[in-house]
Amino acid sequence: MPFVNIKITNEGVSADQKAELIKGVTDLLATVLGKNPATTVVVIEEVDTDNWGIGGEAVTKRRKRGQ
Amino acid sequence: MPFVNIKITNEGVSADQKAELIKGVTDLLATVLGKNPATTVVVIEEVDTDNWGIGGEAVTKRRKRGQ
Amino acid sequence: MPFVNIKITNEGVSADQKAELIKGVTDLLATVLGKNPATTVVVIEEVDTDNWGIGGEAVTKRRKRGQ
Amino acid sequence: MPFVNIKITNEGVSADQKAELIKGVTDLLATVLGKNPATTVVVIEEVDTDNWGIGGEAVTKRRKRGQ
Amino acid sequence: MPFVNIKITNEGVSADQKAELIKGVTDLLATVLGKNPATTVVVIEEVDTDNWGIGGEAVTKRRKRGQ
Amino acid sequence: MPFVNIKITNEGVSADQKAELIKGVTDLLATVLGKNPATTVVVIEEVDTDNWGIGGEAVTKRRKRGQ
């Protein structure tokens, strides 16, 4: 029954990588808390780098500097 | 003043269906809690089936099996 | 499989009212979108009036003015 | 270390405006709470006007009436 | 830089279990996506069983039936 | 109509500081995007340091080391 929301920047994550994240988080909740995988929901949100800020600036700008 | 966030998989929900959800949730909050519809906000997020996991796997994979 | 998050101010909502909200939203998603109630999750968050702002001020302050 | 999520309707916000929001919120948290800008994260979500409801109806409908 | 929000029912999760979840999710994002653990944020929210609904009813009610 | 959610660790933020955050974010959205303060909602969530992880560990642990 847990609900997990993963927000990451939208920078080319593949469907296989998403499947790995979903499987990994679901397994973790089963192992650590005994949560039933059948009702564990994981939602991945990919956010444009213009819309993600850290250190007071957009990630787009950081990427241009090679960060 | 309530804020309601509805997350669903992105599988062809029409603008009319969204309008029904917005109306229905707003009415419910007015009826049950006496909340003012004028300041009730409802935000619907449609999530790609690759990005929505349940039972440890992406919905995309479940849909392929006919689930 | 939908996930619904309802945020409201923490002002004496009863367990029965919460149950009504949970039932109402779940039924709405079944009626409008055909979503399976068994996997529809509704999470209600009650927020202190100091922590909820509208119109640039905390709800606590508005309540003191009778709003 | 704060995390700020700004949800707005998707109505032509420019990259420069987003950068201003990111900078402004980060500065505010540093000034008011002494939070370190280096680990302050701001995520802006732009929501389709069909998916944003207020007053029991979608913003799309309000915009058509000139609201 | 990822942000992960884990919502679970408030039913006696220990600080050690929370630490395991934080470590596990952070490691997963580093392994699968190469994300830097130093800026990966994980926020766990524990929700009262009256406030968590599934199958159209509160978890409190399900627990009373032994579910 | 914007909705802003600020998540911070629960470490003694005063009602006055919260009011400053609410006012500051609301003003920022009015200045940068012309958003109407009357319908701008700001919700502040204070999270226990056991429940907030960064760098793969809980903030509680970092605070004990003086970080």
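The chains carry the letters A, B, C, D, E and F, assigned in the order they are written, with residues numbered from 1 in each.
One rule holds in what follows: a residue touches a chain if its C-beta (ideal position, glycine included) is under 8 Å from a C-beta of that chain, and two chains touch if they have at least 3 such contacts.
Treat the numbers as computed from the prediction; the structure is a model and nothing was measured.
*Asks:* Count of steps on the shortest touching-chain route from chain B to chain E?
*Replies:* Between chain B and chain E, the shortest chain-hopping route counts 2.
*Asks:* Matching C-F on over half of contact pairs, by residue number: which of B-F, D-E or E-F?
*Replies:* E-F
*Asks:* In whole angstrom, how far does the Cα centroid of chain A sit from the Cα centroid of chain F?
*Replies:* 21
*Asks:* Using Cα averages as centroids, what's the distance between chain B and chain C in whole Å?
*Replies:* Between these chains, centre-to-centre, one finds 14 Å.
*Asks:* Could you pull out the residues of chain D that touch at least 2 other chains?
*Replies:* 1, 3, 7, 21, 25, 39, 41, 43, 52, 54 - these are the residues of chain D that touch more than one other chain.
*Asks:* Give every residue of chain C touching chain F within the complex, in rising order.
*Replies:* It is residues 7, 47, 50-58, 60-61 of chain C that touch chain F.
*Asks:* Give the list of chain E residues in touch with chain F in this complex.
*Replies:* 15, 18-19, 21-23, 25-27, 37-46
*Asks:* So in the complex, which bits of chain C are touching chain B?
*Replies:* Touching chain B: residues 1-9, 13, 17, 20-21, 24-25, 28-29, 32-33, 35, 39, 52, 54, 59 of chain C.
*Asks:* Under the definition above, what is the set of chain D residues touching chain E in their complex?
*Replies:* Spelled out, the residues of chain D in touch with chain E are 1, 3, 39, 41, 43.
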